[in-house]
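Next come two complexes built around chain A: one with chain B, the other with chain C.
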Partner chain A sequence: MVEKLQGLKGSPWLYFLSQKLLELIVAFVVLVAITFLIVLLIPGDPARVIAGPDASQEHIEFTRQRLDLDLPVWQQFWNYLSGIFTGDLGQSFRTNEEVWNIVAIRLPFTVTIALGAIVVAFIGAIILGMTVAGLTRGNRNRWLDVTFSWASATLQAFPTYVYGAILVAIFAVALGWLPAGGASNVQSYILPIAALSFGAVFSVARIVRRETANVLEMDYMRTARGWRISRLKQYVKYALPNLMASTLTLSGLIFANMIGGAVVIESVFAWPGLGNGVVGAILDRDYPVIRGIILTIGVFAIMTNTMIDIVLAAFDPRTLTAGKAFS
Partner chain B sequence: MTMANEAQAAPTQKKQKRRLHPILLAGLIIMTVVVLIGIFAPMWFSESANVQSNDRRMPISADHPLGTDEFGRDLFSRALVATRLTLLLTVAASAISVVIGVTIGTLVWFMPPRVRQLIVGANSVAVAFPNLVIALIIAAILGPGAWTAAFAVGIASVPAFVRLTVNMSSPIMARDYVTTAHLLRVSKYKLIGRHVLPNMAEPLLILTASNFAVTLVELSGLSFIGLGVQSPDYDYGLLLSDALTMIYAQPTQVIGPAVMIVLAGLGAMLIGDGLAASSNPRTRGQRRAMRTGTLRPAPAAANEQAKEQEAAREAAEDPEDEIDVRVRDLRVTAANGTELVKGIDFDVRRREIVGLVGESGSGKSLTAMTLCGLTPEGVTATAGTLVAAGHNMLEPVSSRELAQDIALVYQDPMSTFNPALKLNTQLTEVARTHLGMRPSRARRKLIERFEQLKITSPEHRIGQHPHELSGGMLQRAMIASSLLAEAKLIVADEPTTALDVTVQAEVLRQFVSATQELDASVLFISHDLGVVEALCDRVLVMYRGEIVEELTAEQLGSRRVEHPYTRKLLDAAEYVEAL
Partner chain C sequence: MTHRSRWTPLLGCGAAVALIASACTTDDGGAGDDANGNEASQENPGASGAINGPLNDDPTTFNPALASSLSDYQLARLGFDTVLRADEEEGVIGGLASDFEQSEDGVELTIRDDAYCADGTEITPSVVADSLSYLSDPDTGAPQYAQIFGSGDVTVTVDDDAGTVMVELSEPYSEITQGLTHPASGIICPEGLDDPEGVDQGQVPAAFSGPYSMTESTSGVEYEFTFNEDYDRWPQWSQELEGHPAETLTFVPGVLDTSPNQVLTGEMDWTPVEHFDVDRFPEEEWNYSQGAVGAYYVIFNTSGVFSDVEMREAAAQVIDREAFQQVVDPTSELIAATADAGVQCANTDESFLIDQDPDAAAELLEGEAVNIVSTNVIGANGSGGEYMQDVLASAGTEVDLNNADVGTWLDVVMSPEEANNWDMTIWSTVNVAGLTVNGLNRVVGPALDEGGTSFTYEENTDATDAYNQALQAEDIDEACGYFQEAEQLALEDIFIVPLTDDPNVVVSREGVTVEHIAGREDLSTLRLHD
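Then we have the complex of A and B:
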C-alpha cells in the first residue's frame, strides 16, 4: 500500500484522495469492531440481560442463538462482518423487520436534516461573521463588536434541543405556522433544521469573524484594495477563499457533532429518523437494530469528516501537499 | 471558539494580573448562583417540587412563578431542585473525562514509541467522532440510567483530554532539561510530576471548564431522550422532556428547564473562555478606541483651506499642467496621537521618477499609501492638498479612474499576492473590472506583459498559484499587471527589497524601461540611496516624518548633500558598494 501511495506522488490530488481513503478504511474497521463489541461488553451474561429480567430459560437460549452468542467469538465476528457486506444484519427482535430495511427507511430523514443544518449553519455563519468583521474592522462600531461577542457567546450555549423546544412553543403552538412534529410535508423540515443549525450559526460565525479580521489585515487584501474593487468583491472573491480553510478546520468538529445533535433533535420533533430509531432500540434492548443504526450513524460521521477534509483541500491547495516536503 | 480570541487587541506591555477578566467574572458569578441553587434548592423547595397537589396546570402567578404541572407540582421549584442532580452527574462525568484522559495521555510516555503512535492515532480518530454517538454506544452496552449516562458522557470526552495531555507534554518530554534529567537517571514518574503536569495546569483547567458546559448539555440531552435520569428522579433534561409532552396544554413549562440548562452551560463556558482570555497575552489589556484609516482635508483656516482646494482643483483639471502628484501639509497621526508624518510638501511632474528615501519608520510608506487614498488602519491622515495622478484625493474620485490611473507595486511579493487564487485571476482584476476587458483579452494582454518582463513560459505561469513561483518572478508579475492598465502614476514601495541582490538589478532595469514606455510618473520608495541614485530624476530624503532634503540626481551624483542624515545614508550606500 505504502509503495503504491508513493508511486502516486506525482499527482497531489490522487495522493491526497488515496490517503483519505486509507483513513476512511481504518475508521470503518474500528467502527465495525466497536459495534460488534456492543453486545459482548454487556456486563454479565449478555443473553440474559437482553432477554430481560422475567424471561424464561427458553427465551434466553433463543436470544443467545439469534445473536450468535453460542458461537466462538471469532465465528461471531466473521458472521457479523460478512453480514455487513452481504446486507444481512439480522432482524429486529421486536418487529422481525430486516435491520437494513429499518436503516434504509430512516436514514434519509436524518441525512436531510443533518446536511440541511450544516449548509444553513455554514452559509449563515459566513454571512454573519464576515458582515460583523467588516463593520468592526479597525475598531469601527465598537458597540457592535461588544454586542456580537456577548450575544453570540450566549446564543451558542443553547443546546439544540432547547432551541427545538423554544421553536415548537413559538412557531407550532403559539403561532401555529409550522407542524410541531413528524415529517409529513416540506414545512415539517423547517423547524428541525432551524433548531439544529441555530447554535452552530453563532459558534461558526465567531470563528468566521475572527478569521476574517485576520485576513483583512493581510498584505494581499491591501493589494486588492489598491485595485479599487467593490467591498463586496474584496470580501467574497479575495477574503473568503483564504478564511475558508481555517474556518473549516476549526468548525469541522462542530459539523461532525451535528450528527449527534440530530439524534437528540429527532426526539423533539418525533422525527422518523435514525436517532429516534436507536433510542427506541436501546430502550427495547433491540440489539440488531442498535448495531445497524450506530454503524450507519458512524459511517455517516466518518464520511462527513472526510468530506470536510476534501472541501478544505479544494479551497486551499496547499493542504494537499501538507506533510510532504515543501518546495 | 473562545470569546477572547475574537478581540483584535493592541499588545500591551504591562500585565494586568490582579484584575479578573470580565468574561471570567461573569462566568464565575453565574456558576456561583447555579451551585448555590444546587446546594440549597433541594432543602427549601423539595416539598413544593415533589408533593402532588390539586393546583394542577396552574398558569404563571405570584404563588407559582412558572405555574404548576399536571400533578400540581410547582414548576419553578422543580427547575431549581433539578439543579443538584444535574450538577452531581456533570461533575462525575467531568471527573471521569479528566482523570482517565490525563492518565492515558501521561501513560503513553511509558510505552514504546510504536504503541504510543498507535494510541495517539486511534485517539485522533476518536476525537473527530461525535461525542453523543460514543455516549449512545456506552448507553447501549450498560442500559439507560442516570449514572451510566454520566459514565457514558464522561468516557465520550476522554479523547479530548488525551489529546490535550499528549500535545502539552510532548514538547516538554522532548526538551533539553528533560533529556538531561533522563540522563541523570531521574525516573519518568518524577519527570512527569515535576515538569509535565505543572506546565499543563492552565490549559487543562480551561478545557475542563469548557468541557463541563458540553458535558452538562450532553447529559441533559441523554435524559431528554430517555436514556439518562429516570423518573421519579429528575434533572434538567427530564424536566424539558416532560415539558415537551405537555407543550400544547402548557407551553410555559419549557421555560424553567430551558433557562436553567442555558444558564449553567453558559456559566461554565464563560469561565473557560475567561480563563483562556486571561492566559492569552494578546487579548489582555485595552483596545484602541479611535476610528482610523481615514483621510480628511487639513483643518486649516477656512479661507486658506479654500485656497488650497482651489489649487488642487487647478492641478486636477488643467491638462496642460504637468503636475501628477501634489502634496501639501500632509500629516499622518497614529491612534495614540503620535504624529508619524509631520506636514510634508512635494510634487511629482509627469514622466518624472522621484525617489522617496529614508530608514524604516520614517513615514515613507505611510506617505505613499495615503497619497493613493489607501490610508492604513491604525492611523488617520489630513492634508491641505493631495493630488495623485491628476485626481484630487480629498474629494471622492471614482474607483474606476483610481484603479486605472494609479498602480501600486509592494515590497514583499510573497505576501502581496492572494495565496488562494491563480495569478491570472488576480492580475487581470483591474483590466476586467475597470477597463471592461473580456477575460480572454485580459489574459492575452497579461501574457504579452509577462513576455516583456522576461518571465519564462508565461502561458503556464499565469495559471499557477503564487506559492509556485519565486519571489523575483512574482515581483515581475506584479509589475506586469501594473503595466496592464497603463497607469499614469506608479507607486512602488521598495519593490526589490525582498529580492536577491542578483535579481534586484535585473528587475529594476525592466521596471524602469517599462514605465518609460508608458509615459508614467513614478514615486519610488526605498531605503537604499544607491538604488535610488541610479534610477531617479529627483530624490526626497525623509527622516522622522519630515522631508529633510530634496536633491536632483546631479546633486546626489556629485555628493553635494547638506543634511547630516543624507550624508549618513550616502556613506552607508558607499560602504555596501565597497563590499
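Then we have the complex of A and C:
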C-alpha cells in the first residue's frame, strides 16, 4: 500500500484528483453559503405567509418562533450548517415534513426524466449527426448541410416549455394518445422526456456532425473505405469511438443543465420533481425546502462536472496536466 | 399506511425510452378507467369505484385544528366530521350534533348517538368535547380559532347523560354555529388527540371521524382516501345527492395548471377550471358545479391620499365593476359588499354603491400619486391590479402598481409598518365557512397597528358599533340585520368598493358529480353514477 502511494507521488493523476477535490470543496462551501443567503433575498415574511391571511398577530408571532425565524441570522446559519454536516436539512416550514424526505421523493422523478432525456438526446444526436455528416462528406449534398445547420441552430434555441406545450397540444389533447401531465404511469414519462430532449438532440447533433466530418477525412477512414468495409461497420466500429470524448463531455454538461432546466418542464407537465417542488417552496417562502432542493441540484451539478473532468482525463491524459501548465 | 418506492420512477425510465422507440400509444385512458373499472367493494356495498382529481398543493397538515390552506380544508372535510354543517336553504344544520341551540353565551350541542370513529370507537359527547377543547386551547395555535370561536376564550363542558356539549364563549360571537361548520373544526377521535403530531402527518388511522380515512400519502405525488366502512351519517342537506360515494378518492397535488387537460384525456375525473378553460367543456357533455371561494373588493388605506372621503369617492367613480368582472373572470358574480351571495348575512342592496362618473373623478384625482398593491393571482397574471392601475391612470393619477405574489402582497398589506407604502388594494378573502366576519373584519374595528384586523387605518365608529352588535346578537337573523348595517355604513363612508366573488367552477366527467353546498365546494359530495 505504502509502495503504491509512493508510486503515485508526483503522478499527474494524484495532482489532478487533489486539484479536483479542492475545487469540489470550494464549490460546496460557496454553494452552502449561497443557498442560505439567497432565500433571505426573497421578499415577504415567511411566518406571515405560513400562518395565512386570516391569522392573528399572535399566531404569526407563534409561527415565527416555531420556525426559529426569531433567531439572529448567524444562529440560523449555524443551525443550517451544523444540520448539513449531521445529515439534517430541517423540516418544511409548510408541512413539517423532513426536507430529506421531500428531496428523496422528488429527486428520482427529476433524475429519471433528465437521464431519459440525455439518453434519447445522445442516441438521437449520434444517429442524426453521423447521418448528416455521411451524406454531406466531401461537400456533397450542400443543401442538406445548410439546411441542417440552419434548422438545428433554430430548433436547439427553442425553450423546452415551447416543445412541452406543443407536445401536450398534439399528443395529449388533440390525439389523446399520452397523458397530459402528472406521473401516474409509465406513459407519463414520454412527453416530459421528449420535451426535455428535443433541443438537446440538435445541440449534440451539431457537435457529432462536425466531429464525424473530421473523422471521416482521416487516413484510417479512407483506408477503411478503400477496403470496401461496409458503411455501417465504418461508422460504428471506427468513427464512433473517436466521437465519444467530445460527445460525452457535451452530453454531461447538458445533463447537468437538464437537472436545473427541469424546473420549467416540470411545471408544464405538473411533474412531481425537484423543479416543481422548488417553485412551490419559493411561493410559500418555505426556506428549508428551497435550500434543500437547490443544494441537491447544486451538488448534482458539481459532481456531474467533476465526473466529466475525470472521464475526459481518462480518455485524453493531456488534460491531466493542462491546469498545471497554466499554474 | 403504505408508501410508493421512491426509486420506482427510475424503473419507468427504461420502459419510457422503450415506449418512445416503439412509438407506443396509451390505451383509452388512465385514472378515468380506474374510476369506471373498479368493482364494487363487497365490504362497502354503498361505496364503490374510484375518483381521481387534483389538489391545489400539498396539504400543510392533516390535523384539522391546524388547517390553514385550501387543500387542508378540502381534505379535513373528508376525514373529520364537524358538529354542524352548512345547508343551502336552512343555513346551518346538524352534523355530528343532531340538534343545537344558540344563546348569548355560546351554543349547546346535542350529540347524535350513532356516530363512530374509523376504528369503531363511539363518538360520545365527551369525545366531541375533548376535540373542541383541544381546538380552542391556545397552546394548540389553531389558525382558524377566531373564525370558529370569535375573539374570546372558550370553555367546553360536557353532560354525557344528557348527550350534550356546551361551548361557552367569553366574548359574544353570533356566527358560532356557522363557525362550527368550518372544516377546521372537524372532530378528532381520541387516539388522534393522544398523538396530535401523528395526526399532523396523517399517521393515526383511528383519528378519523369522517366518511373517509387517508390510506396512502406521498407528498408532491398523491394522496389516497378510502371510504370508512358503514359510514352513513350524511348531513340532511336540502339538496339531495344522487349517486354513491366512491370507495377510493385519489388526489394529485399541484397540478391545477394541467388538470383540465388531464380531465379531457381521461386521466382525472374532475377539476376546477378557470374561465378561459370553460369553453373546452361543453355543458351538454360535462357536469358543472359553481360556487365561490371568497370575494374581491377594493380597500382604501386612509392613512395617505385616501384619507379624504371625497378622494375615495372619486376613485370609486372610475371603477367599472362589470369591466373588472370581464377582465378578471367573466364567470364570477358581482357582489354588493364584502361577501359573496353564498354568505348568509351578505349585503345584497346595491343602492349603497357609488355610481360611475369618471369625469367628476378626474377633477380630484388628476396629478395625485396612488400606490396600488395587489397580487398576481387576481385575474390572469394579475389583470385585476392592472385594471385598477389603468382606470386610475386614465383619470390623470400617477399610479404605482405593485402586482406581487401572494406572500409579498400579504406582507405589505398586513404589516402595520408598511401602512405608508400603499393606498389601495384588492382584497381577496378565503371564506370556506361562509362567514360574514371574514371580510367585514378588514374594514371595521381597530386597525392593524392597534391590534385589530382592519386595513383601513381609520376606525369607522358607526360601522364598528353595528358590527359589535351583530356579534352579540342571540340569533342569526338579528345578527344579519346588524352585519348588513355595518356593511352599508362601510359602503357609505367608501372604505370599500365591492367587486366580484372569487368563483370556483368545477367540471366533472359524465358519471361523476361534486356539489357546492351553500356556495362552497364540498369534496365529501363527490359521487359516482352507475
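Definition applied: the second predicted complex is superposed on the first by the 231 of 327 C-alpha atoms of A that agree within 3 Å, B and C clash if a C-alpha of one lies under 4 Å from a C-alpha of the other, contacts with A are read in each partner's own complex, and residues count from 1 in each chain.
Operating definition for what follows: contacts are C-beta pairs under 8 Å (C-beta built on N, C-alpha and C of every residue); 3 or more make two chains touch, one makes a residue touch a chain.
Keep in mind the model is a prediction, meaning the values are calculated, not measured.
Legend: residue contacts after superposition of the two complexes on their common chain; A:Val186 is shown touching chain C, with no touch to chain B. Once chain A of one complex is fitted onto chain A of the other, the partner contacts of A:Val173 extend to both chain B and chain C. By the touch criterion stated above, A:Ser267 is placed in contact with chain B and with chain C alike. Put chain B and chain C next to each other and count what each touches on chain A; the higher total goes to B.
By the touch criterion stated above, A:Leu283 is placed in contact with chain B and with chain C alike.
In the superposed model, A:Gln57 makes contact with chain C only, not with chain B.
In the overlay built on the shared chain, the residue A:Val162 is in contact with chain B alone; chain C does not reach it. Applying the stated contact rule after C-alpha superposition, one finds that A:Gly134 touches neither chain B nor chain C. In the superposition on chain A, A:Gly292 makes contact with neither chain B nor chain C.
Of the two partner chains, chain C is the only one touched by A:Arg48; chain B is not.
Common to the chain B-facing and chain C-facing surfaces of chain A are residues 42-43, 49, 168, 172-173, 180, 267-268, 283, 285.
If you check the complex, the residues on chain A that touch chain B are 26-27, 30, 34-35, 38, 41-43, 49, 137-140, 142, 145, 149, 153-154, 156-159, 161-162, 165-166, 168-169, 172-174, 180, 203, 206-207, 209-210, 213, 217-220, 222-230, 233, 237-238, 241-242, 244, 250, 252-253, 256-261, 263-264, 267-268, 275, 278-279, 282-283, 285, 287, 290, 294, 297-298, 301-302, 305, 315-318. Partner chain C is touched in their complex by these residues of chain A: 42-46, 48-57, 59, 62-63, 66, 94-97, 101-102, 104-109, 111-113, 115-116, 119-120, 168, 172-173, 176-187, 189-190, 193-194, 267-270, 272, 276-277, 280, 283-285. Per the touch definition, chain B reaches chain A in the complex via residues 1, 3, 5-8, 23, 122, 125, 127-133, 136-137, 139-144, 213, 217, 220-221, 224-227, 240-241, 243-244, 247-248, 251, 254, 258, 261-262, 265-266, 269-270, 273, 287-293, 372, 374, 376-378, 399-400, 402-403, 406, 408, 410, 412, 415-421, 426, 429-430, 433-434, 465, 467.
By the touch rule above, chain C contacts chain A in their complex via residues 6-10, 12-13, 15-17, 19-20, 24-26, 30-31, 57-61, 68-69, 141, 143-147, 200-201, 218-222, 252, 254-255, 257-259, 261-262, 264-267, 404-408, 410-411, 414-415, 430, 438, 448, 451, 453.
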